[in-house]
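What follows is subunit A paired twice: with subunit B in the first complex and subunit C in the second.
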Partner chain A sequence: MTSVRYAFTVMRVVLRSMWRRAEGRFSLLVLGLWLLVSLVSMFWTPWSLWWTDGYHVWQKPSMLHILGTDGSGADMVSWLMAGSRTNLLICVLTIVVTAIFGLLLLAAMLVRATMLAQMSVVVIDALISLPTVLLALILAVPFGPSVAVIVAACGFGYGLNLARIARPQALLVARSGYVEAAMSNGARASRVFLGHVVPNIRPVLVVQLSMSAGTVILAESGLTYLGIGVQSGVPSWGHSLATSVSFINVYPLTVLWSGLIITCVVLALNLFGDALRDCADPLSNAELRSIRQDGGAGQSSGEQQSSSEQQSSSAVLGQGVTRGSGQ
Partner chain B sequence: MAENLRSGDAQGTSTETTGSIHDERQTSEQSADLPGSTDDSLNSYQKRHRSTPPWVWIVAVIAAVAIAAGGVFAYRHANSSSSVAETSQSISIGLKLAPTNLDIRNEAGAALDQVLIGNVYEGLVARNSENAVVPALAKSWTISKDAKTYTFTLHAGERFSNGDALDSKDVVWSLNSLIDNDYVNAQALANVESVSADGTTTVVLKLKAPDAALLWNLTGRAGLVLDEEAHYDAKTQAIGSGPYLVDSFKQNESLTLKANPRYWGSHQAKTHTVVLRYITDDNAAINALKSNNVQVLAPITANLSSSVSNDGDVVVKAGNDTDKFVLAFNSTGPKTADKRVRQAIRYAIDNKALISSRGGADELLGGPIPSLDPGYEDLTKLYPFNQNKAKELLSEAGYSTSKPLKLDFEYANIYGTEIGDQLRSQLKAVGIDLNVKVVEFSAWLNDVYTNKNYDLSLVDHNESHDFNAWANPEYYFNYDNKQVQELYAKAVSSTSDAAYESYLKQAARLVSEDAPADWLFNYRVTTAYRKSVTGFPLNLNQSLLPLWNVQNKA
Partner chain C sequence: MRFLLRRSALLLAALFGMSVLIFIALRVLPGDVASVMAGLNATPARVAALRQELGLNRSYLQQYVDWSGNVIHGNLGVSVLTGRDVGAQILSRVQITFPLILLGLFLACLFGIPLGCASILAPHAGVRQGLHMLALVGGALPALWGAMLFIMLFAKGSGLIKIFPSQGFPDEGWKQPVSACASLVLPALTVGIIVGASIMRYTRSALQEMLASEFVDMGMACGMTRVQAVLRIGLRIVSPQLVSVIGMTFAEMITGVMVIENLFALPGIGSMLVTDVGNRDLLTVQSELFVLAAFFLCIGFAVDVVHRILDPRLKGAALLASAEGMQ
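Moving on to the complex of A and B:
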C-alpha cells in the first residue's frame, strides 16, 4: 500500500515540477486536451460522422459548422474530434510496440554471446536504413491500408532506432561493477536487464519514445496522404489533411485546422519527453530527491543514499552514473 | 630598420589572411600596441593597407553579382518578351493523362486517341463536336439498301506528311492489317467481310451482316489510314495525313506537334507549334495556367476552377461528354441479386447532391446512354431521390434496423475518397451499411473486373457507343437480360439510323428499370483557357481533340 502511495506522490511531484516549466505546461495542456477531446468524441460530436451534405461542401466557418465543412460536406470539427481518437490509439499502440521491440533488440545486443551480440548490431544497422514509408508500402499491399499497418511499420522502424541509440548507455550499465556483482551473485540475465539496465537508460527511453509518438503522428498523415494510412472513412487528422490538401489553392483554411492540430500535438509530445526526463530525474529535480528521502523510508536503504551520492551501486543511482559518463 | 621590416612583414602576413583578423589586429594595435604606430614607415605601411579596406571587396563582389544577375534577368526578359510576341505561332496545352507511347496500333487508351486522331492520323470518316459522323479522308459514301455494302469516295490528291500519296490502296491495307493482326479496336470491324479498292479513290466495304455502329466505329482507330511504305518507330513517331506532325515526344512530360507543310485538306493548322504538356497534379496544373506556362488546361477539376475563374484573363467552360460514372451493383451478388435491394439503392442516392459537391458541372443521367450517344432518353424520373421508398423496399426484402443490409463498395483511388464518403452517408440514412474500400486501380481490376467479386463498384465508363456492355452477360456487371440482348442485336443489325436509335432507346429503358447500376452522373469535362485562345474544342475533348482551329491571339 505504501508503495502505491509513494508512486502517486512521485507522480504528483513530477507533474507539478513539469507544470512549473513553460514547455512542460504547454505539453501537459495540449496532451490533456487531446485526451479529453478523444474521450468526448466517443460519445458526442457536434454532427454525426455519417452526415454529409453535397449542397454545402467547403463551407466557411460558421455558427453551424465551427470550422466549416470538407469536400464531401461533412463537418470539419466532428471529423477532427473523432480523428483525435484514432491518432491517440495509433500513438499509444506505436509506443507500446516500439518499447517492446526496441527493448528486445537491446537485450539481443547485450547478450554475453559475442557472436549473437555482434550480429544483432550489424543486422540492426542494416535494417535501420530501411525507410518506414517503404516498409508501410510493402505491408499495405497484402493487408490493405489500416491502422495496424501504420503501427507495425512505425513500431518496427522506431524500435530499431531506440535500440541503436540506447545501446551505448546500456553497455555502460552492463559492464558496470554492480551488474558484475549481481551476475556473480547468480542473478538471471533477464532480471539484470529489467532491474538494472532498463531503469538506468530510462532518460533515453523517455525521450526516444516521446519522439516516436510525435513522429508516428506525422507518419500517419503522410501515409494517409499516400493512400496507405488509415482506411477511407476512418476519421484521422491525416485523413482530414489529405482530403483538403488538393484544394489548398482554393480553400486554404481547411488545411490549416488539421495542420495546426498536428503541429501542436507533435510539438507537445516532443517537449513532453524532454520535460519528463528532466523532472523525473532525481539528480536534476531537488523536490523529487526530498520526496525520495522522506517518503521512500519503506524502500531499500540503498535507494535513500542514492540521491545524494554520485558513486553507488544501486539501480536508481546508476542513472547518475550513466548521465555523468554519457555527457 | 631590420626590426621595422620584420614587424612590417608580420603585419603583411596578417592582412593577407582575412578581413576580420585584419580588423582585430588593427583595433588591438590602436588600443594597446601604441609604440608600433609611432614608427613612420610602419604607419605608412598600415595606411597603405587601410586605404583598401575589405568592405570594398565585399561591395565589389555584391555589385558584380548584381550586375550579372541583372544581365541574366534582362536577357531572359528580352527572350520571354520575344516569345510573347510569337504566341500566335505556338500554344501550350495542359492535359492530364499521358499515353505511354505513340503506337496507335498496339497501345490502348483514350489518351492516344485524344492527341493523334484528327491531328496526326486521319480516318475515312471523323466525328464532330456533337459526336456525329462527318466526312474526313472520304468526301462521301453510300450505303446499299441491305446495309451490307459501304462505298467510300476519297478526295483526290491526298498525301501523307512524308510526301507519299494516299489512295484507296492505303485504306485497304490499313483496314485489312488491323483486322488480320488484331490490333487495338479490331473488334469494331468484326462484321467486315472484305475491304477492296475500286480505282484510286473508291473503297468498298462488304459486311457479313448489317452493322449500324460501323460508321461511327470508323471515326475511331478502326478507320485510320496509315502509310504502308513509311518506316518509323511507332512508339515515338507518327506519320499520318493530318494537319500536324509529331515533332517530339517525351514520355509523361510533353508531346510537341508541328504544322504539316504537306497537308492536303481544308483543316490547315492555324498555329504552327502546339505543345501538349502532361501535368498530373491539379495544383501544379493550375499554377501552370496562372503563370501562362500553358494557355489551356483540359481538364480542370470543377471545384478548383474558382481559383482561376476570378482571374479576368481566364475563361472556364464545361463541355458535354460521354463519361458515365457507373455505380454497378453485382447482379448475381449474394445480396444485390435481389432487385428490391438494387432499386432501394437507386432511390436512396441523391444524385443532385453528388453533382453539386463536385462543382455542379456534371449532369444527371438516369440510364446507360448519355445525351451525345444515339438512343438517349431522359430516364432520370425512373428512380428519383426518395428515401421512404428505399426504406419500404428494403423492409420488403427483409432488412431492418436490427438486421441492417451490409454491402462492400470497392473502387479505384483515382476517383477520390469524397464520393465514397457521400454514398456511405446517403445509404446510411436508409439503413444500408456501406463498407467502402478505396483501392489501387490494379486491385480493382483484379477483384471486380476480372473476378467479379464485389457488391458495389464505381467506374467512369468514358467510351461512347458502349451499350454492348449491358448486352454482354460476361461483362463484370453480371447483368443478364435476354430481352435487352435481343433488342441490342436488333439495333445493331438495323438498316436505318432511326430503327437503330429506337431499339437502343427501348433497351436502355429496360436496363435502367432493372437497376443493375446507378448512373451517378454524366461527367462533363471542364476546360480553362486564356481569353486570347480561340477554337479549342470543349465537347468530348478527353478523347477527341482536333487542334487545327486552335489559335492564341495574344
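Moving on to the complex of A and C:
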C-alpha cells in the first residue's frame, strides 16, 4: 500500500517539474488533450462518422461543421476525433512491440561469449540499414493494408534501433560491480537484466520509445498515403491527410488541419521523452531526490526504480520493466 | 584491411540473407502468387496453367536457385503483367530517384550542419532557442504535409510564388537538364528539410557534449576562441558520429522519397514499387525489393567504412569504444 502511495508521490513530483518547463508543459497539454479526445470520441462525436451530405461537400468551416466537410460531405471534426483513437492505438501497440522486441534483442546481445551474442550484433548492424517501409511493403503484399502491418514493420525496425542505441550503456552496466555482486549471489541472468540493466538504461529507453511513438505517427501518414497503411474507411489522421491531398489546390484548408495535428502531436511526443528523462532523473531533480530519502528509506533500490517507472505514463514500458524490478 | 574483408563478407552474407528473406516472405505468407495474378473469378484450370507458366509448381529451392542465379547475372526477370524488362525499368527509374536522394541529402547537410552549429554557438540565446525549435518542428513534419506546404508556396499555377513545376518529370528526361532539375527542386527541398532537421538535431547534441570537453579547453589554451575551438576541434571529433547518423537517416529517407515521388508524380523507383505492389505483380516486386535492399545494405557498408576511416580509435567492440571514448 505504501509503495502505491509512494508511486503517486513520485508521479506528482515528476509531472509538476515537467509542467514548470515550457516544453514539458506543451507536451503534457497536447498529449493530455489527445487522450481526452480519444476517450470522448469513443462515446460522442459531433456528427456520426457515417453521416454524409452529398449536397454540401467541401464546405467551409461554419457553426454546423466547425472545420467544414470533406469530399463525401462527412464532418471533418468527427473524423479527426475518431482518428485520434486509431493513432493512439497504433502508438501504444508500436511502443509495446518495440519495447519487447528491443529488450529481447538487447538481452541476447549482452549474453557473453556465445555465438548468438556476436552474431546478433553483426546481423543487427546489417538489418538497421534497411528502411522500415520495405518491410511494410513485404508484409502488405499478402496481408493487405492494415494497422497490424504498420505496427509489425515499425515495431521491428524501431526495436532494432533501440537495441543498437542502448547497447553501449547496457554493456557498461553489465560489466559493473553490482551486476557482478548480484551474479555471485546467484541471481539468474534474467533477473539481473530486468532488475539492474533495464532500470539503469531507462533514460535511453524513455527517449527512444517516445521517439518511436512520434515516428510511427509520421510513418502511418506516409504508409497510408502509399496505400499500405490504414485501410480506407478506418478513421486516422494519416487517412484524413492522404484523402485531402489531391484537392490541395482547390481546398487547401482541409489539408491544413490534419497536418497541423500530426505535427503538434509528434512534436509533443519527442519533447515528452526529453522532458521525462530530465525530470525523472533524481540526479538532476532535487525535489525527487528529497522524497526518495523520506519515503524510500526502507525499500530496496530496485523497488524505488520500479515505482518511478510506473509514473512514466508510457505505462507500456512499465509493464516490461516493473515486473522484473519490483520482485 | 582485415576490417574491410570482414565487413565485405558480412555484406555478402546480408545480401544472401535478404534475398532468402524476401523470397520466402513472398512465398510462405498467405496469398498464392498465381491465384492473385489470375484475378478474382479465374477458373482453377487457369490458375494451374499460370502456375505452370510461372514455374511455381517446382520446389522452392529450385525456384530460388533459378531466381538468384538470374539476379547474379544481372537478369531481374520480365514482368508477367506488363511484359517489360524489370532491370531496364529499374535503371530508367533510378535516374530520377538517385539524383533526388542525393540532392535532398546535399540540401540537408547544407542546412543541417551549419544551423546545428549555430544553434549551439550563436551569441544570442533567443537565436539558439529559435533554431532548436526549428529543428524540432522540422523533425515532426510529415513528409506529405511538408511537400504540400511547399506546393502551396512555390508551385507553378497554384502557389503563392509561381516558380517551380509541382507535377511530373520532363518526358525527355535528362536531355533537358534545366527543366529536369527544376522539377526536382521542390521534392528535394521537402526531403532536405525533413532529413536536415534530424541532422541539425544530432549536430547540436553532439556539439553540446563537446562544449564542455577537454578537447575544446585544449584548443582555447592554444589561443583559439571558444567558437573556433568547437568548430575546428569539436566538429572534427564528432564527424564520425555524424556520418553514421546521416547513414541511418538515409535509410529512413526512402519512406519520404516514396511518398514524395508519388505526390509529385515523379516516375522514380519508389512510385514504381508502390504501383507494382498495388497491381500484385509479385515476381517483379521480389526483384525490385531485392535491388532496393541491396542498395541500402551497400550504403550501410559505405557508412561503416567511412566511419572507420574517420575514427581510428575504433578497434574491437566498435560501439563500446566510441561510447567510452566520448566520455
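By our rule, the second predicted complex is superposed on the first by the 298 of 327 C-alpha atoms of A that agree within 3 Å, B and C clash if a C-alpha of one lies under 4 Å from a C-alpha of the other, contacts with A are read in each partner's own complex, and residues count from 1 in each chain.
Assume a residue touches a chain if its C-beta (ideal position, glycine included) is under 8 Å from a C-beta of that chain, and two chains touch if they have at least 3 such contacts.
Fair warning: this is a prediction, and the values are worked out from it, not measured in the lab.
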Determine, under the contact definition given at the top, whether A:Gly227 touches first (subunit B), second (subunit C), both, or neither. both
Now for A:Ile262: first (subunit B), second (subunit C), both, or neither, which partner does it touch? second
Based on the superposed arrangement, let me know which partner A:Trp50 touches: subunit B (first), subunit C (second), both, or neither? first
More residues of subunit A are touched by which chain, subunit B or subunit C? C
Would you sort A:Ala74 into first (subunit B), second (subunit C), both or neither based on which partner it touches? first
Touch test for A:Glu287: subunit B only (first), subunit C only (second), both, or neither? neither
Would you check which partner chain A:Asn249 touches, where first means subunit B only, second means subunit C only, and both and neither mean what they say? both
Please indicate which partner A:Trp58 is in contact with in the superposed arrangement: first for subunit B, second for subunit C, both, or neither. first
By the touch definition above, which subunit A residues appear in both interfaces, subunit B in one complex and subunit C in the other? 227, 248-249
Under the stated contact criterion, what part of subunit B meets subunit A in this complex? 282-283, 286-287, 303-304, 306-307, 350, 352-357, 413, 416-422, 424-426, 428-429, 436-440
Where on subunit C does subunit A make contact in their complex? 10-11, 13-14, 17-18, 22, 25-26, 29-31, 136-137, 139-145, 148-149, 151-152, 157-158, 247-248, 251-256, 258-259, 262-263, 273-274, 277-278, 280, 282, 285, 289, 292-293, 296-297, 299-300, 303-304, 317, 319-320, 322-324
In the complex, the residues of subunit A that touch subunit B are 50-55, 57-58, 71-74, 144, 227, 231-233, 239, 243, 246-250
For subunit A, which residues count as touching subunit C in their complex? 122-123, 125-134, 137-143, 164, 167-169, 171-172, 214, 218-219, 221-223, 225-228, 238, 241-242, 245, 248-249, 252, 255, 258-259, 262-264, 266-267, 270-271
